[in-house]
Structures are given as C-alpha cells and as structure tokens.
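This structure is in structure tokens; I'll ask about it shortly.
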Amino acid sequence: MIAAGVDVGSTATKAILIDENRHILARSCIKTGANVVKAAERVFRETVETAGIEEHDVTQVVGTGYGRYKVTFGHAQVTEISCHARGAAYLFPHTRIILDIGGQDTKAIRIARGGEVEDFCMNDKCAAGTGRFLEAAATTMALPLDEIGPLSLQHRQSIKITNVCTVFVESEILAHLARGRSPADVLRGVHLAIAGRSVALMRRVGLDPEITFTGGVSRNVGICAALEEKLERHLNVSPDSQYMGAIGAALFALDRALTGHSPAAAAAGA
Amino acid sequence: MADEYRYQGTGRNLQKDMLGDWFQRLSQAPARGEPVAYLFISGNIAELLSNFGFHLVYPEVTALQCGIKKTAGNFILKAEELGYSPDVCGYVKNDIGLLHSGNASPMGKLPPPTLLVCNYSGCRTYVKWFEALAEFYKAPLFMLDVPYRRDDEIDPGDLAYVTGQMNELIALCEKLTGKRFDIDRFRADLADTAKAEEYWVRILESARRVPSPFDSYFEAVFFMAPLYTLRGSPDCLRYYEAAWREIEERIAHGIGPAGEERFRVVVEGPPPWPHFRAFWEMFQRWGVVAVASTYSKVGGLFDQGVRHDPARPLESMAEYCMNCYTNWNLGLRRDLIRRYLEDYRADGLVIHSVKSCRSFSVGQADTREVFSNEYGIPTLFIESDLADPRYFSAAQLRNRIDAFFEGLAHRKLTGAAPARPLPVLEVRP
Amino acid sequence: MTHEQILAECREWFTDPDFGRLRALREQGRRLIGCFPVYTPEEVVMAARLVPVHLFGGGTMVEIDHADSRMQSFVCSITRSTFELGLTKRLAMLDGMLFPSICDVARNLSGLWRRNLPDHLAEFIHFPENFQSAHAVPYLRHELQRLEQRLTAISGHAPGPDDYRRTFERVNRWQAAVNELYALRAAAPWNVPLADAYALVRAGGMMPREQHLPLLEQALATWRAAGGRPQDRVRVIVEGSFCEQPSLELLQTIEESGCYVVNDDYLLGLRWHTAPLPLDGDPLEALARHILQRCVPSAVHHPGPQGRGAALLAKARAAKAEGVVFCIAKFCEPALYDFALLKRALEAESIPYLSFEFEEKMSTFESIRTQLETFVESILLFS
C-alpha cells in the first residue's frame, strides 16, 4: 500500500511517497511558482515516476501547506502544523517540542509521543523573531542572506540588539556599524535577538527535550548556534526538514489508507 | 549637594531610608504573624487599614522599584510565559512575574496578602490586577469602588456609595484582625495627614517661583512617595517637615534642582522607570525644569484643595478618593493642565505617553492637538513605557527632545510672540 | 419577507457605512441614542421613548483616519472606529452616545466624544464594581435616575411606571426569543448557521424591538423546522468577543474550519439578563437590583469570590462543548487579562482550547483558519 503527502508552500512544493511500513519511497521538491494547482500535480507526478509506479497505485493523498486546498487530487487536507508535528516525530522519535521559524511567522508546537499536537503558539503578527528580521538585517548590511549566519559565528564580542521592532532595527544596526563595530559582532547580536524571541515563544508551550528546529531559518547555522546557547541544549536539525510537512501529510494519508478513512480507528492504530 | 547646606538631599535621601525601613518591616511581617493588606495608590485608604495594624503593600510601588532597579524585564517575561499578552500593562506583568518568582524583589522578599483591597479609582486595570492576585494568592478581595468623576460636580450619591463601602470594609477588617476600629486614632492620623498635605502643597507651589527651587516631575516622583505610601504612620509628617526645610533652604540660597534654569515645562504622564536617569538627563542638558506635573497627583490632587479632615473623616476620605488625577474626566484634566501652564509660568507642555497605561494615554494625542493648535502652547509629544524596558528608543527620544528645545530656544531668542494668554479657570474639587 | 430576505435586511442594518436604516428611522421621527458595548441600561432609554442603538464600531466599513490623531495606536480598533464614525458625521442621526464602564479606553473615549462632538450627549455610566455591597443597589438606582433625567431632557418624556412596565415586558419577550435561538443552535447547530444567527441578533440591537421581534420569531420558526444532518465537527464555545466584533467572514471561517459554535459571548450586552425583569415594585430599583444580581458573568465586571474560571467551565459543560476558542480583539485588556486565568481553569480540567487575536477590519483569515483547523484536527484525530 502506498500513500502520498503533498506540501504546497508559498515558495516550494514538496511531495513524499511512503509504503505501509513507513519507508520513504520517493521525494520531490519544486518551486511553487504562479500556478499552485499545476505545481502540486507536477511534484506528485515526479515522485511517482521516481518510485517507478503509476499514479493510481497511490491509495491516499493528503494535501498540506498554505495551498492544501489546491491539491485537487488529494483525498483530505491537514494543516501544516499537524503535519510538521508528525513529520518531526517521524524524523526524531523522541522529540517533544518543535520550533519552526519561517519567513513570515514562527511557531512553537508541543507534541505527544505519536506526533499528536498538544499545544501550539504562533507569532504571525510581528516580523521581529521571524526570517523577515534576518532579511532586514542582511539588506541593511548589503550581504547575501545565506552568508549572514556563518559570518555571525565569527564574532569576537556580543552586541545587544535591543529594538523589538524590525522597522527600527535597521537604524540600530547602522548606528553600531558607524561606531566601528564589526559586521560579525553586529550579526551575532541580531541572531541572538531572534533566538531570544523564539525561546520566549517556546516557553509558552514548554521546553521539554528533545527540541527540533525546523523551517527555512533552520538552515542558518548562526541561529542554530544562538538557540543552542540560550537553551543550553542540543537541537535536532534535519537536512530533510523541508520535507517535514510532506512526511507528516503522507503519514496521515497512510492512516486513512490503513484504516479505511476513519479518524478514530486511525488514532487507535497509530 | 554642597556641604555648606544643612538640608540639601534630605528630600531624596530620607524618603529612600524610610521606604527601605518600610520594606524591611514588610519582609518581617509573616514571621511576626502580622497581617498584610495590598492596595493601590490612586484613592488609597492607608489610614483606615493601618488602624487595624495592617502592613501595607502597594504593587504599583513594587513594580516601579523593580523598573528603576532594572529587574522588571525578567518578571515581565515570566508573566508573558504564563499567558499574559505583550499588550497589557507592564506593572501588572511585573507583579505577576514577581509573584511567580518567590516574591523576591530587589527591595526584599514581599509578604503575601492577608487582604486585597482594590481601591478602584481612576484605573480599571486595578480591578483585573487584583482579580488575578486573588486567584494566585487565594486571598480575600474587597472591592472599594470609587465612581469616576464623570461630570464637573461630584454627585452626593457617589460619596454616599464610597463611605457606605468604607463602613463595610471596616466591619471586614474587624472580623479579619479581631481588632476594633479606633476612631480616635483615625482622626489623629488624618490630622497628621492633613498637615503633611499642607507641607506637600507648599513644596509644589514653590515651583511658581522663577527660577524654581524644585523640579515638580523628576524630583516630585520621589518627594511624593511618603505621602502616597506612609500615611497613617508618624514617618509621613516627619518626612514632609524635613523635605520642606530643604526647599526653604533652596529658596533662601537660590538653589535650583539643576544648574541654570533655561526652560520651564509642565509634564503630563508617568516617567519611564527602567530608563529614569537617562530620560532625565535628556532634559537636564537643556536646563529644563518641570514646574508642574500631573503624574505627581495620581495619589491625590492636594494642590487643588483636597484635604483629609478629622472632623469629617470618612466623608473627606471619600472626597479624596474621587480626586486623584486618573479619576478625573478628560475635561477636568485638560483644565488642570491649562491652569498649571498659567500659574507656574511654563514655556511649554511635555506629554510623555506610555504604552502600558490606557488611563493616562488614551486621548493624550487629542490633548496635544488642543494645546498646540488651539491654545498655541509649544507641546512636545514623546512615547515609551513606564515599566517595560524594551519600549524605549533613546536615539529617537533624544532627537525629538532636542528638536523641541532648539525650537523653543530659537523662539526665545527671536522674541517670537508668546503663547496666547489663557483665561484662569476655577474648578472645585 | 422570506427567510433569506429577513437575513439580508438584518445585515443591511450594520454593514451600511452610512447607516441608511438609522437615518430612515430618524426621519420617521424616532430619536436615537447610541450605546457603546457591553451592556447599557437600554431599558431606561426605551422607557424615555427613545430607541437604543447598539453600535459595535466601524467594522470593515471605515478607514480610520481622523480618530488616530486623537487617540493612541495601542488601543483596540472598535474605540477608534467608533470615534471615526462620530468625527465623520456618520452618526449625526443619533442624539447622543452612552458609554458604560468597561475599560479605561472606552471611558476616555467618552471624554474625547464630549470635546470633539459637543452637540451630542455623551454620558459615561459608572456601573458598580462592588457587587457585594449593600450600597450598590441604591447607588446604581441613583445613577440610573441621573441617566433618566439626561434622557428625558432629550425626549421630553419623563418615564412613569407604565412606561417601564411596558418596556420590561418587551425586553423580556425579546430576550426569551434570543435565548430560544441560542438553545436551538446548541441543540442542532447544523440547522442554524452562525453568521445568520449572529446577523439576526445584532440587527435586533439596532432597531426598535417591536419591529424586530416578528422577524426574530419568523426566523426561529424556519430554523425549528429545518431538518439538516449533523456533520463531523467539533463543538466549541467562543470566548472574548464581547465588545469589538469579528466580521461575518471570520464567523464563517470559524465554522468552515470544522467547528460548531454552540455558545459564545458575541453581543453579550444584548443577552445580559439571566432572568426576566420583574414587573412590579419601583422600576429603577428593580432594574438596578436585576443588573447587579441577574447579569451574565463577563470580563468587564468583577465577579466576586467564585472567579470567572468556574463560570466558563459551567458554560462549557452546559453547552456540551469539546473545546474553547478564545477569539480576542487585539489590545482588548479585559479579555487579555482574563485569558491568563481562564486558560488555567481549562488546563486544570484538561479542556482543549485555542487562542488567537483578531481585528474587526481584518480581511484575510488564512492564519486563523490554519490554527482553527489544527485545533479541530487535534481534537477529532487524536481524542
């Protein structure tokens, strides 16, 4: 039996195929582009081709992500929060807390052993503490976004960035640079500020081990280091983290396939 | 201050010592089995509660002290972890965070309450604050409801409601402490309070002089503390006798609060406690002296004729409760500011708007419009917070303050037309 | 009118930025008094032969422009949008506004109203917060009498006992119908769409009750007879929206995300009394006593020793709710302070809850929808 999860994000669309033993058979990731419906269809087709099967061999498909209702061939939709939770539990069976820092928002999720969402907390009002803050800093300092993380690790001193608002952080950064502080030190301050806000968000759902760090910003080594310092703990970061949502969706699809679509039975069997 | 003067520094230092002693007594109260009452500054009924031997805790003062001693940040974060929004009052969050940190404040360990008295005058957040404390401490809560001064005159029905509740509170205190209400001591305490109020008003009105011997905002926030926290104890009157001597000495020797007085302002709004020193310096460098302020009246509008009166103890106390600044409607507040600008010969108005406090801040932008556009008074509008250290942008504040006083200096130099003279207004408290 | 026409008519009352229906009412000779949330003593307004019009801000209808230069930015939208409506003369058909004591922002708004709209009556009503005091009823009676005098000066009619008796009867009848509507929704929510029930009640707060009652009764009959089937959704109660109101789209989003809202505190001021008003005795005293002793628990009045947590748990159990959704207006102090305590009460009983903030003028709800769906999923898929 084969199940599929399709995660339609604002930048990238991902698909995962799994079998009844929860082995990943294929994965694919493409740019979402303007036509969301076609992106979902294309990424699904790619995984099917990679696995060497036909589309009708896939018993159940679950769509997730902001474009989950555009997965027209999907049998059900599940939110990315629920899917990330299950995906994280799949990749890190002992994880209890997930921190997801995206471009637009930040989420902290507490889960039970099977990946069930127990509680979650979002910051989607304020750009400070999301990837936006990093983008603003990178733009202000005229550096590519993927360089600021490694550069921040080369700091000699720590500078405290006090502003809570992305709008004001620009002038604060320029003021430090004008005073002769090194870019690495300033970036270190920026990364610490984001880590601080993330930890504050996480405290609302708890800090039980293990903690998994996911989302686009998890690729930033400077944030990883800053978070681990503040938490005094190692964080789980997976190279597959961008597939976490699709993996979770595939697992939900598998539940449906195995139990004839009954959620209660799925919960019993999970 | 120079050594040749006997009394300089008294106002600041004696108040600090007295408050220090008070906190010490507070930390010893539980071990001694002595009852503790929590209450608020605006409309506070200190003499009534201390009559029964209650030690008094003012959570607002606790929060202010945490702010000024730079420990507020962590307590606020702790409260936010518990589910309090970033958008609610920093004082409340400080207090709740402190409660959940073993009540270990920078002034010492605070005792839990035997009784919570929510004297609701002027600030609705007080009610939500003590609802929360009642739940966390599982302590009894008495709501002393003081009606808002919604019209120009006080309705006798309002006063009857307040005195009626005070009698109920007295009955409750008798039950809780096993002590009878001592009306003679109450009258004696009120007599002392009235004397202290007299001295306080003299200190405030000294700022009518040009130059002023007293900064009625940056110094007043300390000089006012004993009147708002130590009434009902002998320390209160003793303090004001001493503080008045300091001001008398300043007048006699021409001493001012800071170097040369270049600008006189009226200040509206609470100060940013976590950045108090830095904020004051932004004004001091311009030779600015605050000659009147509204925040110094949160504990009572004594300079408007409010007095405790041993001949009418509960009635005068009820009148006092209704006449604290944040319990006055916006029209009354506006007229007060106008009178201050006129009576104290101020050059301009500074409005410091704080995010936490809706009672103060909502409508200050309208006040700015009125004074600046309609009355032609130079008005400076700046924003930060009174409790949360994160909401303070030093660079921006300095910019605005500098630009304002530069402009004022220029006007003085070029002899620009003075502000339109304001009609003098009468408002009976 | 058909059922659909009734609902469309109701929506018209509160979605027209120029308040055409109110203007028409004024042109017919009725005098109107605006009532700011949450509960205003509309009974006194009615007895004085005026029409109480419950207003809930400008919603999505008005751009806030003038109001912001006079208020603060860190305050709820409803106070700013209501002020905006006043400043832009859209409320000129009213003879005044009543502001009950609910929070410092609304209180200060009454002062701003007085200065900026001096031709309007602007009355602030200080409700007792000391419900336990023996002096609370006499005080409130006195306050209601003060209000009565101010309103009499507008209508020219001083209410007598007959006026009050007729008013109380009318209010009781209307209240009973609204209670029945809520009972119907709780029993068979699949038959009564949330946005429709909401529109019906909200409009009722704006028009003369005798005009609205037949519409309400007809809609009730339609819903009573509906024979829909339940879907697989989660029963929730919504808490925290008693003042600034969510838009109809947000209400629909809540249901579409997989919820049946079996009780809520939308329009709480219109459902204030927990028992019928008594028809005998001194009416103002009876009203004062009733307001203090027979009012619903809410974030805007101190509840006394029991605490709000107990009231919320009772409400959830009575409605057989599986969870609580806190739908709180941004910057709403009473709701935000309550939330911290209410969540503890729910956690102690292991009742799932979700909380998010909204603004009346929001137009996209993606994030809220995602959070609601996740919440529903966590209950449906895992419990």
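Just so it is clear, A, B and C label the chains in written order, and each chain counts residues from 1 on its own.
The rule we apply is simple: a contact is a pair of C-beta atoms (placed from the backbone, for glycine too) under 8 Å apart; a residue touches a chain by one contact, two chains touch by 3 or more.
What you see is a predicted model, and the numbers here were worked out from it, not measured in a lab.
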Query raised in the report: Measuring centre to centre with C-alpha atoms, which chain is farthest from chain C?
Result: A
Query - Chain nearest the global centroid, as defined over all protein CA atoms shown - result: C
Query - Euclidean distance of C-alpha centroids - chain A vs chain B, Å - result: 48
Query - Computed distance of Cα centres, chain C from chain B, in Å - result: 36
Report task. Starting from the mean Cα coordinates of chain A and chain C, work out the distance between those two points in Å. Result -> 40
Report summary line: Note: chain B residues in touch with at least two other chains are 83
Query - chain A-touching residues of chain C, taken from the complex the two chains share - result: 356-357, 366-367, 370-371, 373-374, 377-378, 380-383
Report summary line: chain C residues touching chain B in their complex are 68-72, 74-75, 79, 101-105, 107-112, 114-116, 123-124, 126, 128-136, 138-139, 142-143, 146, 302-303, 305, 307-309, 330-331, 333-334, 336-341, 343-344
Requested in this report: Within their complex, state which residues of chain B touch chain C.
Outcome: 79, 82-85, 87-89, 92, 96, 118, 120, 123-125, 127-129, 131-132, 134-135, 140-141, 143-145, 147-148, 150, 155, 157-158, 160-161, 164-165, 168, 329-331, 334, 353, 355, 358-359, 361-366, 369-370
Query - For the chain A and chain C complex, residues of the former touching the latter - result: 66, 77-82, 105, 112, 116-118, 120, 122, 124-125, 252, 263, 266-267
Requested in this report: Spell out the residues on chain B that touch chain A in their complex, using ranges where they run on.
Outcome: 77, 80-81, 83, 390-391, 393, 395-396
